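Here come two complexes built around subunit A, the first alongside subunit B, the second alongside subunit C.
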Partner chain A sequence: MANSYLTSESKKLATWYFTFAAIIFGAQLLFGLVAAIQYVESSFLFEVLDFSVARMLHINALVVWMVFAMFGSVYWLLPDETGIETVGIGLGKLLFWIFAAAIVVVVLVYLFIQVGPANETSIWFIHEGREYIEAPRWADYGITVVALGFVANLYMTGMKGKQSGVVTVLMADMIAFAGLYLTGMFYTDNITIDQFWWWWVIHLWVEATWEVFVGSIAAYGLITMIGAHRKVVEMWLWIEVTMLFGSGILGIGHHYFWIGTPEYWWEIGALFSALEPLPLVAMFIHVLYDWGKMQGEQDAQGKEMSVITNKPAFTWFVLNAFGNFLGAGIWGFFHTLPQVNLYTHGTQFTSAHGHLAFFGAYATILVGMMYIGVQGKNGIKILNNTTSTIFATSMIVGGVLGMTVALTVAGYSDVIISRAQMGATWEGYFSAQTTTWLLQGMYWRLIMGAVTFIGFLFLVKDLLTIGKAANHVR
Partner chain B sequence: MAKKSVWSDNRFWQRTAAWITGFASVLLIWLTFDTSGQIVMGNDADLQNGVTKRVPGPTVINYKITYEMDAKRKHEVPVIGEKEMFFGKDDWNEEEAAALLHLGKLASQTKNCMNCHTLLGNGAYYAPDLTKAWLDPAWQETGPMQAMTGKSTKEEAMAEFLQNPSKYPTHARMMPNLGITADEAKGLVAFLKHMSSIDTNGFPRNFGKIQGAVNGK
Partner chain C sequence: MVQDVLVAQDILVDDFLTIFVSSTLVLVFGGFYVGIYTAVKVNMLKKWYMPLGYLFWALTAYCLYLMGSLMHVNDFTAKALIVAAIGLLLIPHAVYYMQDRVHEDNEH
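Right after this comes the complex of A and B.
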């Protein structure tokens, strides 16, 4: 980490996390491309790197890079928010290396061993075969230790230093985030109980604790990047927490419609998950409102300058505010009511929602944090866009939107034919898969996936070189 | 001067957030207890006495399972009927059936079924949903799969297919060979049969009821 303007060890550690996250982000896209090619040309890498393996790597890499970037974001903002250096930074660095090494081992095992015999040893050392949290049992314990260490550092620093609203929310949120992982760490022969608890991890992460995390990061970003007033931002943050947890916790019911759980989840899931878009609207309005307000104050003073001190990062934060609402809110609401979900459950529709929601709600803001890291590391007062920033942002956003639209179109075929008309049988499934709508949808998804990947290459180039560009205010 | 409003007070919103979160969490935990009681696996006695469980016991593999419209609930439910042979016998005892299901569930995870198929509608969308696969018309006497695999029963046809999936391609997109042994295949079929007996509130709708031409195919 030569030529760094960073004096805070916590921020240096954050840049390690961001770097590793970006590498895994690339891996996520690569394996996504493999899986996308297989939809179009099923013989591609057949019995070499099968769809199941590519897809497992695709979604696991997604979870891992986001968790890394989230840890990094917290280590980045802690010194600013608490006014002190992060406590236990040595432990933080040690855990980083343990975490990164464990991930590399897990990935290599996924890639080269792929499947094992049906016994507990496979569950312990290869993978658990449970979507999103496939990590083998040994890694589960490792992740738990790493997460606890991270939470301990957050708590020690938060309690020793100044405890802002942002830090308070993060402290409450991150302990829930770490604790929930434990509910996905056991084996049962009863698949209904299995999936019941599995959703405690997946849903209560991405539709509750991660969303609150995003709210906190957005609050931090507004304060640091446009100088929004802390009082307003933190009040909004508490309102967002109220709405996010108020709707998201019981919104878990929309995963309990069809897995063997009782009928009352229809009503609970429908009601609370239908409310889930509300906080996302609020977050979007909040970001734009604060931006307009701060710019307006500056305009009133007769200054013809943008209030934004980090253009690329703020762009990604605004994309987050809108993408979260669009991907998680709108695309989620599309199929959250049981009357609709009976037919859309487990189709390409779900996939369309998954892509836009993970991107809009999480990828965007975490990429924004990476730009904040680059700004700090290079000691830049006002970071402006470069040509690569524009290419990276527009290609990634355009690519993901394109994939989402393609998958949504494919989803209509899937829903109408394989679910509504033919009731999800083998024949119904393949009848849908071979329709023109679905086939063309998969071609477009592949093309748009490639666009996203090229955008990612621009992003990497930009993150590595933007600090050297001449158009910043230093 | 007017008093400062509580609505713009951060402490007020912090407390509101805490109360709402606490309330939602308590409600979720309470519902979890209720649901847990309802989704515990039944046992052999339940099956013999005709006690309906949302998740029946493993010995359900000894019985014929159908998926029928329930007049009261207005959607289809699995119906456990008379005894039926499963791999040559219809008297799998509780231990044997549980061991077979255990092997099958382990195989479903270690072979990573969920990253191509959906199970109870959850997973990936690269291959057919397996929730009611046991009841799929394709595997019945009238379907193509028994003749294709040269087997005369559904369970044997499924087990044969699982062991050599790429030997029996039905479409350009094939299932890869996952090194599934004969025992694991048997376990997986038991797992699928058991899963088809779970009361999924009518998902999937109209399973196997409508066949034939769709979109001119």
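Right after this comes the complex of A and C.
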């Protein structure tokens, strides 16, 4: 797509990030499909692309595309929020290419080398074996440099230009986001200590810094898409930050129940996990409130039209409010207390929660940002839905919800058989894996995964062509 | 509720479904409460819906109680659940109050 309507270099760079993120998003879904097929047909690609490799690619691609889309979102909003061009944009572009090249090399190594000997060479050049963040150490250092460069650009721009609440929150959040990655970079031969620090990356990313990032992006979206009052939105953003960090940081306790850490984490984990849904409820109210208020003001003026200037993006933002509440809230809450987590951890319940939470809390809002990018790139004042938008949205949402329900059903039989009835034994594990409910759940997961992938193809088509549709206001 | 033991492997097999359903309903009913409260306040729903909203909060609190009882949570966790229920009751009021004040300051 041509950049003819974009005059800001920062926004152009953002579209690069969005494009690369969309490619990796596709790879994530593709490797997820491979892994889903292997669950029901275990000989599929056996010794070519084993389940362990397909799964590793699936979940690492998830993290990478989201990080790319997050960086892109920040580069997109910086000129709007600060009133100036992003400082150090040349460095930003160079770092984009370094980051993208590093990811391509890492993926090729995962695909074609896959595993190595149990020594330092594998940790440095193949992968570290830490779920979600398996990048080899050379790539870890590269990612750290890229993240520091990104944070430097954000800080230099934030300090030089107008200091909006959205950018100030992002500045605080992104330094934590980058810094926390360091805690997943060192190796210890004690699995408890290793897991303790590893959760600092995983939990404190997804249940603290990423959620705050979502709050900031939602604030930006409400201001730009429905004209919500900045003062209201930013006031609310600070409340969200307080609530999210207040409950989310010590919510890490729910990951420390069974890894060999002291028992007081049960108390801490139970208390803060019980509180964690509250900010999600609050974020949900916020979007509804601002939407209702702004539409009400418009209606009071006798203008019978929607206040929304980007309907596809706003749809994804609303889906984010619901999805965050459903995936992170409901599917998280029902197995977060230690008394029940004793039975559910590591079962398909975790997988159900993971699928809906990552999608609902993060994928939705990042896809929304991609539509904001498309709108800006094509110089459109009001972006309306197309048939592809509707197909993409309904198939992706329906597919992910379907996968979640299928995995929940599978998870339930997993919990009952392998844990409650057979006491977490080796025999119990295999009995659960062969039960009809779990097997049928896995078939449905595969079918709904295919629906999601077809929806993704519609999404790509829509992002590439929606700008040319005739039903927009230009 | 169990007094001394925080985590005991004593959930009955028949209770798991009730636990999962009730813990899901905690947030489903909570969502209805918050949604109705907000919708009434921004005039998307008529005022007489508000008692229905509070009824959903009462159902939320009951589900929390049921879930906690069947899980045999200890006293500490029971208190945490009570705090969460009260928090859910108060948060929409606090949020609406703050949003409304800021809107007033901003618009007048």
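Basically, the second predicted complex is superposed on the first by the 472 of 474 C-alpha atoms of A that agree within 3 Å, B and C clash if a C-alpha of one lies under 4 Å from a C-alpha of the other, contacts with A are read in each partner's own complex, and residues count from 1 in each chain.
Operating definition for what follows: contacts are C-beta pairs under 8 Å (C-beta built on N, C-alpha and C of every residue); 3 or more make two chains touch, one makes a residue touch a chain.
Keep in mind that what you see is a predicted model, and the values were worked out from it rather than measured.
Once chain A of one complex is fitted onto chain A of the other, the partner contacts of A:N190 are limited to subunit B, with no touch recorded for subunit C. Residue contacts after overlaying the shared chain place A:W266 against subunit B and subunit C alike. When the two structures are aligned on the shared chain, A:Q339 is found in touch with subunit C, with no touch to subunit B.
Of the two partner chains placed by superposition, only subunit C is touched by A:G296; subunit B is not.
When the shared chain is aligned, subunit B and subunit C each come close enough to touch A:Q421. In the superposition on chain A, A:G329 contacts subunit C only, with no contact to subunit B.
Looking at the shared chain after the overlay, A:F358 reaches neither subunit B nor subunit C. Once the two structures are overlaid, the count of subunit A residues touched is higher for B than for its counterpart among subunit B and subunit C. When the two complexes are overlaid on their common chain A, residue A:F245 makes contact with subunit B while staying clear of subunit C. Of the two partner chains placed around the shared chain by superposition, subunit B and subunit C are both touched by A:K231. Subunit A residues in contact with subunit B (one complex) as well as with subunit C (other complex) are 231, 235, 239, 257, 263, 266, 342-343, 420-421.
Within the complex formed with subunit C, the subunit A residues making contact are 229, 231-232, 235-236, 239, 257, 263, 266-267, 270-271, 274-275, 277-278, 281-282, 284-286, 288-289, 292-293, 296, 325, 329-330, 333-335, 337-340, 342-343, 412, 415-416, 420-421. For subunit B in complex with subunit A, the touching residues are 8-10, 13-14, 16-17, 20-21, 24-25, 27-28, 31-32, 34-36, 38-41, 54-55, 58, 98, 101-116, 118-129, 131-133, 136-139, 166, 170-174, 176-179, 181, 184, 187, 191, 195, 198-211, 214-215, 217. The part of subunit C that touches subunit A in the complex is made up of residues 6-9, 11, 13, 16-17, 19-20, 23-24, 26-28, 30-31, 34-35, 38-39, 41-44, 71-73, 76-77, 80-81, 83-84, 87-88, 91-92, 95-96, 98-99, 102-103, 105-107. Across the interface of their complex, subunit B is touched by residues 35, 38-39, 42-43, 46-47, 50-53, 55-56, 114-120, 122-123, 126-131, 134, 165, 168, 187-196, 198, 231, 234-235, 238-239, 241-242, 245-246, 249-250, 252, 255-266, 268, 342-343, 345-348, 350-351, 414, 417, 419-431, 433-435 of subunit A.
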